[in-house]
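Notes for the one structure printed next.
Letters A, B, C, D and E mark the chains as written, and numbering starts fresh at 1 in each.
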Amino acid sequence: MKRTVAYYPGCSLEGLAEEYDRSTRAVCRALGLELVEIPDWNCCGSTPAHGYTPLLSAALAGRNLALAEDAGLDVVMTPCPGCLKALKGSLEKYREDPACFQDALGRSFDGRVRVVSILQLLLERIGPEALAQAVRHPLTGANVVPYYGCLLTRPASFAQFDDPENPVSMDRILEAIGCTVPDFPFKTECCGATYGVTRNPIVTGLTGRILDMAVRVGAAAVAVACPLCQQNLDLRQQQVEKANHRSFRLPVLYITQLVGLALGLAPEDLGLDKLFVSPESLLSRIDQASDTADSLSNAG
Amino acid sequence: MDEKNDKQLRIVGFLCNWCSYGGADTAGVCRFKQPPLLRIIRIPCTGRMDPLFVVKALAQGADGVLVSGCHPKDCHYAVGNFYARRRLELVKRFLPFVGLDPRRFHYTWVSASEGQRWQQVVSEFSAVIQELGPNPGFGQDAVTENAPQAVSSQGGAGDTERCISPRSL
Amino acid sequence: MKNGQNLLRIQESRDAGFVERVERESGQRVSQCYQCGNCSASCAYTHVYDFPANQIMRLIQLGQRDMVLRCRSIWLCAQCQACTTRCPCNIDVARVMETLRVMAVEAGQVSEKDIRLFYDEFLKSVAAFGRVFETGLLAAYNLKTGKPLTDADLAPQVLRKGKLALMPQRIRGRKEVAAIVRRFVDAQPQR
Amino acid sequence: MKTLHSHLEDHFEELELVIGWEIGFEPLRATPAFVRRREDLARLVWNPLCAPNLSVYLPQILKSAEKTEKKVAVCLKGCDTRSLTALIQEGFVDRERLHVIGLPCPGTVDPQALAQARKNRAPVTQVSFQDNLLILHSYEGTEEIPLDSVLARRCRRCRQPNPLLADVVLGDPVPARCDAPSFAHVEAVDSLPLEERRAYWERELDRCLRCYACRNACPLCVCRDRCLAESRTPKWTTQRDSVRDKFLFHMIHALHLAGRCTECGECERVCPVGIPVALFKEKMAQIALDLWDYQAGVDPAATPPLQTFDPSETGI
Amino acid sequence: MRIGVFVCQCGTNIASTVDTGAVAQRALDYPDVVFATDYMYTCSEPGQQEIQKAIAEHRLQGVVVAACSPRMHEATFRRAVEKAGLNRYMFEMANIREHVSWIGQDKGANTLKAMELVRMAVEKLRRNEPLFASEVPINKRVLVIGGGVAGIQAALDCADAGLDVVLVEREQSIGGKMAKLDKTFPTIDCSSCILGPKMVDVAQKENITLHAYSEVEAVSGYIGNFTVKIRKKATYVDWDACTGCGLCMEKCPSKKTVDRFNENLGTTSAIQIPFPQAIPKKARIQKDACRYFATGKCKVCQKICPTNAIHYDMEDREVVEEVGAIIVATGYDLFDPAPYGEYGAGRYPDVITGIQFERILSASGPFGGHVKRPSDGKEPKDIVFVACVGSRDKSVDRPYCSGICCMYIAKQAILARDHLPGVQCYVFYMDIRSPGKNYDEFVRRAIEEYGVQYIRGRVGKIYPRGDRMVVQGADTLLGAQVEVEADLVVLATGVESSRGAKELAEKLRISYDQYGFYMESHPKLRPVETNTAGVYLAGACQGPKDIPASVAQGSAAASKVLALFARDTIATDPQVAGVLESVCIGCGKCLSVCPFGAIQWKTLRDGSRKAEVLETVCQGCGLCNATCPPKAIQLKHFTDDQILAELDALCA
């Protein structure tokens, strides 16, 4: 199977979500997936461009796809669901009307590429069984809830991956690396998205609700796959706590960070130090569990 | 008023008794207005439709031929329209080869409840026929001297530009 | 009815072509909505909307153009797609909301000017550098809204983590990107 | 020729009848021969003048033949075996009763083309064949004409020179002239504007005598004397000498051959006034190929496309 | 031929946009027309007499009526001309109402079109021939497929009238969905108390042959004479010997078998009688749950059975029944809510379906009629009902209204309050559809007397919080999102066509809609007939229906069969294909295309073979006619010459 994949990090992964970028690269390297960063990629346009007109969004995102095609790559992976939506939307627009699309883009385009998320890449190229086999430090003893956010699987006709109402792809990855995954009803509830800046109380309300549910189902940490979700749940957790008059102190890790830990990668390669809510509580729990397991196996 | 010698355009409709004839009735009951070109011949099923009827009608100068039956899988006789659609598609593709305008022949499926769809089918096809005007048919007038010199396999006329004598190929 | 209007003279305020226009520009059959309310039931933002999503659909059906375009809900929609996913009529409600924003901009009826401003600054950033410059975007937004303290509480910890870029990333192909943006943004008024 | 004769000599006791070709009223005409006596075997010939498709006789002959253990031997060129396959497919011929002699065919001669190619005008007294050359003898002398220059139209688009089904194949396989169905001649007509196409056919068909030679030569025109074109009830055509009635006859023929015609070209070969009537059926064959990927007379187990249906078909 | 033409004015329906007088006048110019007139209401009694008078006076041999659609009045006029001594097929109609006057305002164009339609009819009539129906004897036995309440009603009505009835039921017992219900709306009758006696009647009627746990394999033949192959599936219990004592169920060690009758809410034994009132009350081994079939050891039931009824080597058996008519009453299935991932049915034990709640309410149900929730057996304090799950929802391909859910929710909410007076019920609904006798009053009672909270809006999401479920919905009347915390959520799943409905329809050659519901012959006027003569519909197989409507249809279908069987023979439609032997070339193409197997070979004395039409089997589609190369086979009344005459009348 072809292992080389075009990599589109997206703007967030250059800034506030740099640990997502770092851990994604580290995990893929460890699993033998070669990521080739799309040369000179640009912003996908996100919601603002789509809001102008879907064709602008399609063209901005489309430039990256065209660059990937130029580089001879047929699969583009992006860890950011917002970028994923824009890139997929771009392909859809192209298929609707190739001529119109190419006019907007200002260059030719073949539409051969496929766009996938990091979850899809891990499940399709590696698979839970192989992933479990590659694990060196299983994260046993850790209750981790998967939080998918709204864009990863919605709408179903568009995402064409996983169930839109009860997605399980991240659950399967978490289980493969040894986590305990409680039923989490708010897997796809919206966290408030970009309103962190413009309408902060919305985010503190919605994110508070999600953190509350995570605590209720006994989570020691939240796994995410979206930089925006991570920002709202992690960076803004203080704001949330203040607004809700309660303390959560719940670590919010990127799924790639958790996979990296299980693969035995060094914490600094995974950017664990960049998290705002310290993952210490989670890490110690995992260590305890593995110590217990070790001592048990030693005793036996 | 002699109906044979006026400029009125005519569409011959072959409609199956169970679905499309009923659909045309439904359109009437609902007073869905339609152009007056269509003359309907009722047949039990589109399976009864010999493609020769289409060729003969167009050769005789019918300005349009419209065949309509039950939607595939809804045939009153289970499979009549499955056979029909093969035969009708074949003739549709054959017509232009002998110089009969395929736009003058349309086949479709309309159920007894689809009055509105029937109105649309008739209106759209009538508009096509209005646009095309009268159908000269085949061999309407005796073969004229100024017919194009498209040439036969009988040798001798291979000197014109429009020669498509198979032998010359 | 919210916005203090308890009497709606439907005919007086009706724009007859409005449904058709929304349907054409969004590609969604809003007229098929039968008011089940699932969009409002699923929406995470109903509590901050002035009109819940199902009422937006209803107002469109009634051709109440001004009320729809001036409302706040269309700007508060986060495009999370919950409504779209669950609509029993297969209407992409989120797409309709997005379409209404564009129409509101064209009509000069934007209610939530700061949200609109954020989007504009975002696109400006993209056109200038090719990628979004988070720090610059926030600064510009704060400056123009006159709310200099937005997220100021987060600044120290972000700085501490070394996550705040002070210089934008300029990509080589930024002129291409700017050209793409200009193709639409400059053409916007006529659209 | 030796092989054909020796083969028949060897098997004659098992045969009730041999259908082949013999020299007709002039050296350039090969005509069907029906041989029941061993001494007549010598009359049989096999060369590029043997144009007639002898499968046309099989349904009638087998119907009237007595049920004996003996078989009917028939000589068939490559393309003729497709006709036979179609006849077997439709149940008109009982394969078991036949002894099929398959003959790889280098192509048959178009008499009109040959007449034009000749420089001499004197009647031909003798013909011989050598390395794809026709050697014609007349009192004006001997002339050599390349076979390729005087081939019938059907042979120029031939992709079945070798028998598809036979009890014995006599002769070495011949390379096919086309390896895929070719509809260049049909396409040439299709390239005319619609109006001109109609005018072209009106002009061509105006010559039609309604002699029905095309119909009678067609192996798959199985109605014979019950032909719809001559039927009084129902009355599809009149006996009027009009282009439209002639046209209708040809349409009846063409539509009855739709999805069945094996493109043997006999209809066109026998037309006394040179109308390219085979084009109608070639067009049908082209459509059948496009719509259903069907080629007549290739697979004895297949069902002709208009005799069946497929509920899952879309686009029609 | 002497032809009379009658142009109907249909009051002003035709006359306002067609000059009927001119049409009649013009008709006189057509060949063979000796009389023509227009008339105000030709279909009226005096109108028909007018025709009959003209037939006598003008010695007419054929009649054309230009009026409404033949689908409306062809039969009427055929009878009228027959009374006057003409053959009923010496009649043609020109449809100048639905196809002319009602669809265009241009009187000139309409009149011209009407004239041409009359001319076509005249030309066709000139080629018509008298046709005569033949009579075939009727086998007066009836097959009823499906033993739900509709099928039971149909079977009993037929049996009461003295007919031999064959009742085929797919499940082990008759009773259908109704047997699973606790009570029925709007009267709160006990379902098994009113259905039970009918089920017993079925068992006791000597002229009802019941094939339970059996399915229809193949159907051949035609009205009056069908042959039906029925597969009796293996039960591994000899039902002639089984007394239904239930000893085997007691002793069976495989007690963890999923109880399908209780909608998977409880467990039962591998050998089982599904419920106490089952008819026939016979045991069956559920093969996949039986220890003997899994391991080859056990045989407890065989050892214990007092009548030696257990046979592990039993195989499916085929029986053949000959009947004259078939009533299809195969009922419905309930929508599987799995596509609604946001509701969590299947993931959360306390999100259940309406039929599951029905079993919970039932005294013979898994909890003995005690209302408890499945997860922990606690009595619920708050119950939420969600309407329209799998109804009126295009996104799951169920755009139609299931018709019964509004009522069964109201019933279940009332019953829940009856069982647990402290319980609070909430109903999320889009619209309340209660158009039946005492139905709306019933819903009002739920709201007004039982305090059921009706909330107008759909539910977006259901999720657990602690040990309760949160139902997040909308109240569109308030314009608000609302949340209700509940202990139990009941999804009112909608009605869908019965599993296997399409396959059965293919066997019966009846049509079905895109959702698998069977199509009636006419939605208003022929509601229990199908387009296949001799096959009738009853109950929810035709579309969602409640009990009274299903019972009414069962009786209606029975009455149709009785009317058919009131005669000893039936006349076959003479509009069938016929072969002109002298023209037939014996090519066999007609045999191969005939959808009904109505053509067979016939060998003449000279040994040649010719096609022959079985007139009682032929349905008159004309496919053979279109296929026959020399046109030796002609569909009577739609012959080539008749169609060509119509065509030539238009253009020649």
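As a working rule, a contact is a pair of C-beta atoms (placed from the backbone, for glycine too) under 8 Å apart; a residue touches a chain by one contact, two chains touch by 3 or more.
Which protein is which chain? UniProt says A = Heterodisulfide reductase subunit B; B = Coenzyme F420-reducing hydrogenase, delta subunit; C = Heterodisulfide reductase subunit C; D = 4Fe-4S dicluster domain-containing protein; E = Heterodisulfide reductase subunit A.
As the structure is a computational prediction, the values presented were derived from the model and not from experiment.
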Labels of chains that are neighbours to chain A and to chain E: C
By mean Cα position, the chain sitting nearest the middle: E
CA centroid of chain A to CA centroid of chain B, Å: 59
Length of the line joining the C-alpha centres of chain B and chain E, rounded to whole Å: 37
Separation of mean Cα positions, chain E and chain C [Å, integer]: 50
Whole-Å separation of chain centres (CA-atom averages), chain A against chain D: 71
Touching two or more other chains - residues of chain E: 342, 593, 627, 640, 644
Contacts with two or more other chains, residues of chain C listed in rising order: 47, 82
Multi-partner residues of chain B (at least 2 other chains): 56, 60, 79, 83, 87, 137
Chains grouped in pairs wherever the two touch, ordered by label: A-C, A-E, B-D, B-E, C-E, D-E
Residues of chain B defined as touching chain E within the complex: 1, 3, 6, 8, 10, 12, 17-18, 21-22, 24-25, 27-29, 31-36, 38-45, 47-50, 53, 56-57, 60-62, 74, 76-80, 83, 87, 119, 137
Chain E partner contacts - residues on chain C that touch it in the complex: 2, 34-43, 46-47, 51-52, 54-55, 82, 86-90
Contacting residues of chain E [partner chain A, same complex]: 340-342, 344, 347, 463-466
Chain D-touching residues of chain E, taken from the complex the two chains share: 580, 583-585, 587-589, 592-593, 608, 627, 629-632, 634, 639-641, 644
Interfacial residue positions of chain E with respect to chain C in the complex: 342, 388, 392-396, 430, 456-461, 472-476, 479-482
